[in-house]
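Going in written order, the chains are labelled A, B, C and D, and every chain counts its residues from 1.
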């Protein structure tokens, strides 16, 4: 396994663990033996937070992998930015729990969603910084990547840095709507991801291990 | 590692974490210093929920792997269906906890098992949808698979979608019996899995990495 | 990755997660702002349970890996026995928590250690059954293994099935002593593991992936 | 995968799980519906403990990997020392939780940071012992390593064993400062790691899998 493969495997582990730890946020209703159906129904904010955050981490993983499959070398800056990225991903079960706890709590719901959205702003910023670093010289990419074209996608990659701050504002309009929008953005990205531009003639090379 | 290998490794991680997180559902009896044996004995619903759910996730992993070893390419729909599947698997510690908490609680036990069974209905539906998508054109399979024969197994693959709704009904007859039936279904599948049909002449090819 | 490699990777994941989840058993002392040193010191049963169980799972992993590196094929029985084995390993954080909670609680400490020891009896039995199954025909081993000699080691492999029941009895003599003995057995196995007998002329073959 | 690759994959799993479990240390504020912003703000010790410990485990992983990529063989002593190392890494979520709980609690904050620092002393000692064992004969390294030069780095590797005891003392001067220093040390190591000395003529060999 080459150097970037090792970093990617470690990152994949963190993504897989964070996404699976989300379930710990959903509590077992206590003392609800005589009204378990309604007690379980009343917990819908937990399910909503679970489903949306699961999708978000899942798509983050796909995006992370899409980029890393074209990376042949890692430098210290990439290693550090990737660690920042993972720090944000691994933290997501916490804002998800806050949303689950406060989504039905009037004003607190706005705060909960704003906090949740700020975590996604952080993720978008670090992801953008990583892409910026990768495309600056292009020397970490394997030779399939069209560095010039990759650099031109910076704007589209920075889109998340614009969309997510808007959801911070939207949190104060409607908390459930903001959560729904986050779910929709995740589904949108699941089917419309920005591809890494490759050279026209590029075929997967044996050494790149895609 | 090829693209489907990466998706499978991520999925394997989620299966392994979900199956291991199950133990957090078994609580340590509190304040039972003078009757620890009986306190531990009284927790049998936790052990039953643990064992049955462990077997179920274990078999789900085997089935998932059996299919993925024949997949050479992934498209966006497969990626999304797989994420849905993992969402259901990763969530299972929660219904297991609900069963553990309410299995001896009269009416609530019926509700708990119905909820538990509904999670397995969801899994069977998504698994069926994934198989449907894979066999529709067959272009994601590697060349060992007999696509025509694979399409013909859709009915048997859909069996779970029939069996599990029945267990939802059975939950209201007897909760412990329903849990036992889930355990038996898991053991049955452990030894009687539907194989992916391969071409008569097919030998494992070097590229398929089985 | 061949079939047994995939099963081993999944098993490795469960071992790694179970061993890391152990830390959740160590609680943060509450309301101890004015006597944090002594509060932390009073928690020594948690540290003892952590260290001993960490060593035990670590050695179990080494033993599991030692065998699996010689396995070239998996059948349904091996898959099922391995799932049983993992079920016992993944459950260990629970008896460790029980020991941590009750090690200083008089009679309850005896019960806690007996329960802990019974989990290791279970592990030894399943491990013995797995070795029995593997050596019965030997057709799952790769061709480096001397099946005849491997079969002759069954007695030594069954040793655990004798030692661990003794620790169940020892639990009722002294709980801390029993925990210490479990730690010592783990350290002993760390340096004196039964090797899988290989053919005299056997050299690691390219296909066996050791 | 060769023997050291298997040990490294297991270790990577423990690092990835420990770093991701850290988030469980950050609690959801309870009953704070009417002052969620301030309740979330008041939890800054949790965030500080999370960020610093995340960086520390991340850098520990990088350092561990840097060494293991040059290891071709494992012996029992290395296996045991590595298990000790992982035991310390996997335990880190606990001192992080203690720091989060007591960082604003006067005297208790000093104790919490001292305990936290002692865990890092332990890590530095085991890491030093592992490096000592590896460089003593050098027979576990692959042939790229300049064993003579590696042995000469023992002093610099032992640096941590000097720096971390100082932070234990610093804990009693200022707890927040000590936590900040730990964060700075981690960032420093992220960009200034001691490299494993390789032979001048050494090129990555096919068998070493770096």
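Going forward, a residue touches a chain if its C-beta (ideal position, glycine included) is under 8 Å from a C-beta of that chain, and two chains touch if they have at least 3 such contacts.
As the structure is a computational prediction, the values presented were derived from the model and not from experiment.
K.L.:
Moving only from a chain to one it touches, give the least number of moves from subunit B to subunit D.
P.N.:
So the least number of steps between the two chains is 2.
K.L.:
List the interface residue numbers of subunit A and of subunit B, divide the shared ones by all numbers used, and answer same when the ratio is over half, different when under half.
P.N.:
different
K.L.:
For the sequence-identical pair subunit C and subunit D, what is the superposition rotation angle on Cα atoms, to the nearest 5 degrees?
P.N.:
Rotation angle, to the nearest 5: 90 degrees.
K.L.:
Would you kindly say which chain has the C-alpha centre located farthest from the C-alpha centre of subunit D?
P.N.:
Relative to subunit D, the chain whose C-alpha centre sits farthest away is B.
K.L.:
If you average the CA atoms of subunit A and of subunit D, how far apart do the two points sit, in angstrom?
P.N.:
Subunit A and subunit D have C-alpha centres separated by 26 Å.
K.L.:
Please tell me the distance, in whole Å, between the geometric centres of subunit A and subunit C computed from their C-alpha atoms.
P.N.:
Comparing mean C-alpha positions, subunit C is 36 Å from subunit A.
K.L.:
Two-or-more-chain contact residues of subunit D, please, as numbers and ranges.
P.N.:
Residues 9, 13, 17, 21, 24 of subunit D each touch two or more of the other chains.
K.L.:
Name the graph shape formed by the protein chains and their touching pairs; answer line, ring, star, complete or other.
P.N.:
If you draw each chain as a dot and join those that touch, you get a single closed ring.
K.L.:
Under the stated touch criterion, can you name all the chain pairs that qualify?
P.N.:
Between chains, contact exists in these pairs: A-B, A-D, B-C, C-D.
K.L.:
Residues of subunit B touching subunit A in their complex?
P.N.:
Touching subunit A from subunit B are residues 1-3, 6, 9-10, 13-14, 17-18, 21, 24, 76, 79-80, 83, 86-87, 90-94, 97-98, 101-102, 105-108, 111-112, 115.
K.L.:
Residues of subunit B touching subunit C in their complex?
P.N.:
Residue list for subunit B touching subunit C: 5, 9, 12-13, 15-17, 19-24, 26, 28-30, 32-34, 36-37, 40, 50-51, 54-55, 58, 61-62, 65, 69, 190-191, 209-210.
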